[in-house]
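Beneath this line is the structure, given in structure tokens, with notes to follow.
By letter and in written order, the chains are A, B, C and D; residue numbering begins at 1 in each of them.
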Amino acid sequence: MDSDPAGRDGDQALADAMERAHDPARVLALSDGVFAIIITLLVLDVRVPELGQGQALADALREIRPSLTAFVISFILAGMYWVSHRDLFGQIRRTDRGLVWLNILYLLPLCLLPFAASLLGRHDRDPVALRIYGLTLVAIAVMRVAIWLYATNRTQLLWVRLDERQRRVGLALTLVPGIVYLVAIAVADVAPTVSLAIFAGLPVLYFLSITVLRRGSTGRREFVNFT
Amino acid sequence: MDSDPAGRDGDQALADAMERAHDPARVLALSDGVFAIIITLLVLDVRVPELGQGQALADALREIRPSLTAFVISFILAGMYWVSHRDLFGQIRRTDRGLVWLNILYLLPLCLLPFAASLLGRHDRDPVALRIYGLTLVAIAVMRVAIWLYATNRTQLLWVRLDERQRRVGLALTLVPGIVYLVAIAVADVAPTVSLAIFAGLPVLYFLSITVLRRGSTGRREFVNFT
Amino acid sequence: MDSDPAGRDGDQALADAMERAHDPARVLALSDGVFAIIITLLVLDVRVPELGQGQALADALREIRPSLTAFVISFILAGMYWVSHRDLFGQIRRTDRGLVWLNILYLLPLCLLPFAASLLGRHDRDPVALRIYGLTLVAIAVMRVAIWLYATNRTQLLWVRLDERQRRVGLALTLVPGIVYLVAIAVADVAPTVSLAIFAGLPVLYFLSITVLRRGSTGRREFVNFT
Amino acid sequence: MDSDPAGRDGDQALADAMERAHDPARVLALSDGVFAIIITLLVLDVRVPELGQGQALADALREIRPSLTAFVISFILAGMYWVSHRDLFGQIRRTDRGLVWLNILYLLPLCLLPFAASLLGRHDRDPVALRIYGLTLVAIAVMRVAIWLYATNRTQLLWVRLDERQRRVGLALTLVPGIVYLVAIAVADVAPTVSLAIFAGLPVLYFLSITVLRRGSTGRREFVNFT
């Protein structure tokens, strides 16, 4: 530090360098790029069928129904995850090495979502498909919990400090679906239909709970950030 | 609110948090990513043909003509939708939960456009292909109408408040093609050629009507935003 | 106009609305997305070969050489086009409807570049492949000329007005390769090797001419923008 | 220059034009797009297997294990390269023609990473696969060294000038893994297992060395930029 041409200007330069190094802009650019690709990826699986001899187009199209279902499922799910990601990073002012890597490791199971949804679309009562699908969702939930705990525990990374209650509400919003997914995985072998119903029903539950939370928070500050 | 360390600074912090939560930046980043992928997606379908024995390249290339046609059609259409999306969001200053989700649900049928165009490129007189193509365009139109009504009805989301006449012009620009597409779907069975002509002719019509509207609006404010 | 709550504030609001409507940000976001996809698209064609019985991996890899060559060719070309696009839009302050559409129509032949390069990589002496490759490059050159003439002719779209000489230099930089490509197309039938040599040699020529122009322009303003 | 309407305003306009021409924004946008695509590209290779007669899904899924392994490997590696790229460009204030092209040439071997990882995932003891994988990583390291030397040698491109020691530390962080990869390539023929162990172990080493460097640099300025 002594050999530095520093003084007050040097300190300012250092502060600026710190701000640049912690700017979340590129973290968001990478994440949005990955989300955009995931959202459109499965359409590649929805292929125009080749017509066999004497086969009508309408019949041939029946074959693409599973891949179309898988596309819609992962589209909605990826949309939900993107909205949550946007909510979360809307609270984050600076990133650090830990947060950058947690975000990359969050994108990893997310990228597997189209594969898992495609598997479920074609084998919707097979316990193996149900378990792989569930594990993907659990992995995403685990990473979201990790990011939430990491970021909210470091005041310097946030725009506004959250109090204990806000942290717990945010944690519950991610943890509860994760635990429900674990239940769905556990019953996949004995009751695949129950398992499937849980996977199909949880997004609905998510919308309802967010809506209820927002209704109940009129005049309360802690929920204004959950858009 | 009482337990808050707030006062005037707290109010300012809350206002800043609101602005951040409603910043449309990432909504546009996701949408532009999806548009860029859709625009380039179908090129993946235009594959270099393997030459059969004694087959000239020129003959083999004839096989890729349908996928090339499908690529050009969806490219132009996606370009048109992107320009409209840019026009619309050029008027939007803030997003809220509803608008964010309407935009995601708008991207859903948009992602199916390459598939529908590919289907039409290969079976251009088949009523089933014509109907699927038409339904995709109708779904996009429905979502655009929903976004337009939602956004223009909420002054706080806009840069400039629109009056009743501007709202109706914007609505008509989306609603009219949607209705024409419904007609094209209805006649697909009895007159596939008419149906095809409508799908081919409507983009031309769109360009003409925008141009006429812009010509007619010299000195009138309501159309300056339709670039 | 009379019913407007306007006056000076209304005028300011109108001016702001004009700026927003002509902001090139999303045009660049879409273009960069398309460029990124084109640059990475052909790697999808470079597939890991399945080993036949008793076949060594080294032999099997020989089969992917054409697709690897095609990937490198289109990567370098797309890189060149991206740099030019960045140079061009570095001069543009505002976009209008015409420029937005010219840019979209420029992206159309650009998206076909991976296909044309792939064709050339596999049939590098076939006149049909040479002609398709040449036509793609000519179409890109035509669109670049159109954008250059359109933008430089509209002072309100530029950061700095260009004089006649600067416009002509910029025009020549795009027009000359376009004409050379036409020659390469014309001789594809009688002398495919010459045609191939032109396609391979022109990027080298481009680098040299830019470098010479930049060397010669020390202290001259017109070339500082060609980075 | 004499024919210019210039004077002080002209000089300012020229300075502004220079800043615009050297703005790194689009270089980062292109790079982030390419990284996002590379990160998600290999998921396309993880395909849902078609079930043969009497084959259980669990068995069929065993076939996709190599492509899944390849996906995870390239995901983590691409993540590491993206973090490094972000660190490096966090120090860069302006780009010039040389840096723009070095960055494009850096993206070239990066795009081959999914292919090389896929090759390694399927033939993890084959010297040919090990060598191709190693060469890809060496090419990436070479380009990173080139960018580092080029940028840190040009003070006008940086936010803060680096002293000789900082330059050497940055160089070593890229050069050392590059040399280790060369060793792994050299022993691929005689000891493929050692070669594989090096490729698997180096990312771990990288994390450790960065962590040690950061620990050791408490109160020392030169490492604050390596997040």
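By definition in this document, a residue touches a chain if its C-beta (ideal position, glycine included) is under 8 Å from a C-beta of that chain, and two chains touch if they have at least 3 such contacts.
Predicted model only: the values in this text are computed from it and were never measured.
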*Copies chain A and chain B touch; is their interface built from the same residue numbers (over half shared) or different ones?*
different
*Select the chain at the greatest separation from chain C, using centres from the mean of Cα atoms.*
A
*Counting in whole Å, what is the centre-to-centre distance of chain B and chain D, each centre being its mean C-alpha position?*
35
*asked:* Counting only Cα atoms for the centres, state how far chain B is from chain C in Å.
replied: 25
*So which stretches of chain B touch two or more other chains?*
29, 32-33, 36-37, 44
_chain B-touching residues of chain C, taken from the complex the two chains share_ = 1, 3-4, 13-14, 16-18, 20-23, 26, 29-30, 32-34, 36-38, 41, 44, 95-97, 100-101, 104-105, 107-108, 111-112, 114-115, 118-119, 122-123, 126, 128-129, 132
_Considering only the defined contacts, which chain B positions touch chain C in the complex?_
28-29, 32-33, 35-37, 39-40, 43-44, 46-48, 56-58, 61, 71-72, 75, 79, 82-83, 86-87, 90-91, 159-160, 163, 214, 219-221, 224-225, 227
